[in-house]
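Two complexes follow with subunit A in common, the first pairing it with subunit B and the second with subunit C.
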Partner chain A sequence: MAKTLQERRAERQLMIVLLPSLLLLFAFVIYPAIYSVYLSFTNEALTGAAARAPRFVGLRNYTRLFNDAKFWNALFVTFIFVLGSAIIGQFVLGLVSAIALRRRLVFRTLFSSIILLPNAAPEVVAGFMWISMLAGGDHATLSRIVSFFGLPTADWLQVFPLSMIIVVNTWRGIATAMILLTAGLSTIPQEIYEAARMDGATPAQMFRRITVPLMMPTILLYMLISTVSTIAVFGLVYALTRGGPGGATELISIYIYNQSFTAYQLGYGAAVAVIALLVSLVLGIAYVRAAKVEI
Partner chain B sequence: MSAAPPGESANRLRGDLMAYASLSLISIFCAIPFFWLLVGSLDGNAQLFLRWPETWTFANYLRVFAKEDGAKWLFNSLFVVGSATFLVMVLSGLGGYALSRTRAWWKLPFLYAILLIRVLPSTALIVPLYKFLLTLNNAEGALLRPIFGSTTRDIMRWTGFIDGYLGLILVLATMQLPLSLWIMKTFFDGLPRDYEEAALMDGATMLQRIRRVLIPLALPGLAASGLFAFMAAWGDFLLPLILLSSPELQTLPIGLFRAFLRINEIDYGLLTALAFIYLVPAVVAFGFARRFLVQTFSGGVKG
Partner chain C sequence: MNKAVLGGLCAILLGCTSTLVQAETLRLANHGQAGVDAMKSTVERIEKKLGVTVEVVEYPAPDKDYLSKLLTELGAGNGPDLFSLPSTAAVADMVEAGYLAPITTEINAWEGYRNFYDVAKKLAVSPDGETYVMPYMLGIQEIYYRKDVLEKAGISTDQPKTWDDLIARAEEIKAKTGAYGLLFPAGVSWGSGAFDEGFQHLIVGSKTPQIVTDDGKLDLSGEGVRDVFNVYKTLIDKDLMPVQPLLGPEPWVIPKYEMFPAGKLVATTCGSWCYIFDWGRESKTPIPDVLKVVGTWTVPGQAGGQYVLANLAGPWAVNAKSANVELAKKALLEIGSVETQVSYAARIGNIPASKDVAKDPEFQKLTELVPIHAAAENGTFLKQAAGFGTVAEGVARATDALLRKEVDAAGAQKILVDYVTETLGEDAMK
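Up next is the complex of A and B:
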């Protein structure tokens, strides 16, 4: 069917009102993403001779990267960080909160508001609050809590740096998991539980046989979303440890920042960034497919 | 309904108790770090660690504005984040409308593209973005310097791409666009076309349709889109850290961060007060945004 003149004019107007968004996204996201691939093949630097006349160096940045123990360390730290905070910590506490909040409890709104609070705190503020919790030896709030229970204290950020940033990021993200999993739980029909109860199923059995299988799509989605967003975490950990001590909390995002803006190696930083972009993109495609996004 | 068997109510009670216990523990975990901010900011002699103040005072809050550049940082943050939020609302309102109504071939590719853009970590984009903005900035400087001479720097403070308001506003807005476009597109999908078609029949132009029909109808969607843009831009630390260097342009997160780095002369009372001032708008916005939260995990999961 041929389009009428009026329809064609309407389509053109729609394109025009979308254009500014398209331009901004292209200029500040898509072009930089492509440009980072180009940069990763050069010896571009922020200062010095390489800054004035960057040269094409082929795959040298990538061969350097694969032989760079600090890069592998950053990948490993990021992996443990994602696994510990997003996949385990936030998920378990978020699921417990979501299930508990389905009951008609007296302080329901109060509980859920408090659990949402860490998510609202800006990264830098969250980082500083946790410095007070963890730094300062015996005076740190955590030290005082554990010594109240008669347990030994430590200089938490020095002795258990990676575990501590996992705790902090778990704290920050319980709300995200709780919200998504609550939405997932609400799609399970109550009749199934009723029927199981009639058959004498215990709560543990119902959780394993009904809740978990029916929640699987939501859980998978949550895992993908939280993994992608946890890979991008920067300010929270940077404000807390700046990657230290000795690279123990140097996430891939912090490694990129340090290489690019502390060591001024833009080309090398771009190579690391390309790896991070690729990993995120693969997870993102998996997410779009798994979510069966309706457009 | 028949009476519950005796075991049933005991079971329910035990379940409720377990729920109370676990929620209490999780809530304590979530709330504890905030106490230091609250108590420290009112303590005349605040320390790095949590302590009960000997004297309660508002002096810390006054000092933020009197002694430090707190007022300037607050203004910069409000100005930059406010402008970015406004820009996002305008662009996502228009763009979301177009994405909802168009039948053109680029609709699907564009929507998939903005979903994927959302997953790209901004730390991975920051290096090329910085280089690109630097190029734009130098070009702008070269263009303006012959005309304005020595006042160029004053103008560039507003319109520069590096170390200027404009660059930070544009980049902050762009980073929030994918989510906001998605929110607005979904919102317009839920609005019947009847109103516009009626307006179209009456011979209304595009602009009239937008102003008289679409903006009033779209206000709830725009509120959600603006709230999320505000929260993300307000909390962002990386972009102002990289894009701004002049002290007079610093925003709250950077002012806070730099104040904390002065190792031996940290004024914890001032710092906690500053952090609290920075925290409040975020919490307020979050409170308003609560009912929209589920929808942000766009697609698959329905809100």
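Up next is the complex of A and C:
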């Protein structure tokens, strides 16, 4: 059926409204992504002969990457980090906080503020603050706490580096999880809980049969956002460990930085970035499919 | 109408004036507040003498981050007109990238250059035979040791003759005092220091004292490289060197600023600046009578010989793509002046490259540096080549693996060779 003049005009207006956003999206997201793909097929560098005259090297960066144990290590470390801090740590604690804050608690406002507080500190400041808490020696906060209980102290960032960055990132991300999950919880009508209660359902049964299924779209949306954003975490972990010791906390983002700005190999760094982008894309599509959201 | 025309003319005039002013502005990138302070009077002199405006941009970051920022700007074509470089190792690569303007003609014609130590001049010459940097300051490094601690424990303070002798001394220190006997900077966290302040000291006295062949290729498979890593391995395995602090984010803080002043680390490589800034009058943890209680040894060779390492300290260069290359070169010669050298020596503790500085009354007040300056000509150095920045990173990675006791000396050498080969390609290797 042919579009009416009014419909065509409305479409044109819509395009005009969207155009600035599309231009910005193209300039700052799509073009850099395409350029990164181009760079990944070259030996472009920040210094040395390749900086003056970069060459097309075909798939060399990718074959090097798939044979690079450090790349696989970075991918593995990122997987554990995302699983530990975003999917388990932030989600569980965020959900607990969201449920707790729906009840009439004493000091509810204070409790909410405390949970939001980690987001108030810039990530590098937060990183340095955690260094002072987790450092070796008898004066560091965590060592003082454990020695109070008669337990041995340690240089926590050296002995348990990956666990520590998971803890720190969980601390930092609870607020976001809580806000999103609170919004999800508020969409569940109270009448359903009341009816279930009258039917004799226990709190555990109500959580399993009502809360979780009805919140599933919100949970999956949260998982999508937190997974993709946690894959891209850089500043907090870089300030804490710089990817060390010995690559134990070298996330894919830090690996990309190290290849591009420490080894100055922009082409190789771009190849790693392209793979990281693909991983994020695959996870994003998987979540969207699971949530049965139409995009 | 007339008003509009007048307004337009004013705007054009203003535009032309600002363009002219812009053309007469030189942008200098300096590393750290101390460097900016040291350049203050030089900047005023350049402005007065050359009739330009100098804009000083401070990049207050660790060496590695400073270099990354600088390279990114240069690569993007919007780098400063003049800039200081954190180490000699970066120069050859930057020359290959086309970032640095050659200054051979200007510097050789400049009267001040005749008084520079030969070692500085040699260090400034790039593999292509041209000079690209102003080698006005030298980093002179040796082993610094706690004379008081050794004397109290009845341990000889004589110059160790060989590597074995040095390790034996470190063992004796550990056995008699319980303190760590020797530190060579190592690991990824120390950045280029693992190479500049550690590896280089030993390789120059090894069986293969150069890592660059005559045709400019990197030769890292030599016996000397493995033997150097073996020294690290021995120090680490025998617990003669502090390991745990070196794996942290600021590895120099605990060993140099806490352990050494407290006598818990007795010997470490360091440069002339250590007498003033690490343990002297400008230190937060000064050692009383530092010149008396802290002595120096040259670094012994594997089978004898004595080596004092010389590097260019923060050499300055001109951006090849600067809009004011000729003006920037003139400003560069001012940076090479005796006055600037003394100013840097006072604030950073490096050694002026000009012999004339010895007569300067202001320099004579820097009593810690005077004897080191007098002996600076004897400095040893590695022949430079493109790829040294990558070698430095490879050494950091290899020594990091040694610190974590994951590899032996041969394994560390393999990490170094593999990293450099992967990064620079087979063509760059012998």
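As a convention for this text, the second predicted complex is superposed on the first by the 251 of 295 C-alpha atoms of A that agree within 3 Å, B and C clash if a C-alpha of one lies under 4 Å from a C-alpha of the other, contacts with A are read in each partner's own complex, and residues count from 1 in each chain.
Note that a residue touches a chain if its C-beta (ideal position, glycine included) is under 8 Å from a C-beta of that chain, and two chains touch if they have at least 3 such contacts.
What you are looking at is a predicted structure, and each value in this text was computed from that prediction instead of being measured.
Look at A:183: by the touch rule set out above, it reaches subunit B but stays clear of subunit C. By the touch criterion defined above, A:131 reaches both subunit B and subunit C. Touch criterion met: A:116 reaches subunit B, while subunit C stays clear of it.
Of the two partners subunit B and subunit C, more residues of subunit A are touched by B.
Of the two partner chains placed around the shared chain by superposition, neither subunit B nor subunit C is touched by A:219.
Shared-chain residue A:244: touches subunit C; no touch with subunit B. Of the two partner chains, subunit C is the only one that A:155 touches; subunit B does not reach it.
In the superposition on chain A, A:51 makes contact with subunit C only, not with subunit B. Contact with subunit B, but none with subunit C, is seen for A:32 once the two complexes are overlaid on the shared chain. Of the two partner chains placed around the shared chain by superposition, subunit B and subunit C are both touched by A:261. Common to the subunit B and subunit C contact sets on subunit A are residues 131, 135-136, 261.
Those residues of subunit B that touch subunit A in the complex are listed here as 11, 15-16, 18-20, 22-24, 26-27, 29-34, 36-37, 40, 47-50, 91-92, 94-95, 97-99, 101-104, 107-108, 110-112, 114-132, 170-171, 173-175, 177-178, 181, 206, 231, 234-238, 242, 253, 256-257, 260, 271, 275, 278-279, 282-283, 285-287, 290, 293-294, 297-303. Contact residues of subunit C toward subunit A in the complex are 64, 68, 71-72, 75, 90, 93-94, 96-99, 188-189, 244, 247-249, 386-387, 389-390, 393, 400-401, 404, 406, 422-425. Against subunit C, the residues of subunit A that register as touching in their complex are 43, 45-49, 51-52, 64, 68, 131, 135-136, 155, 157-158, 240-246, 261-265.
Within the complex formed with subunit B, the subunit A residues making contact are 11, 13-15, 17-18, 20-22, 24-25, 27-33, 35-36, 39, 44, 93, 96-97, 99-101, 103, 105, 107, 110-111, 114-126, 128-133, 135-136, 139-141, 144, 171, 174, 179-180, 182-184, 187, 203, 217-218, 221, 225, 228, 231-232, 234-235, 238-239, 252-254, 256-257, 260-261, 266, 269-270, 273-274, 276-277, 280-281, 283-285, 287-288, 290-295.
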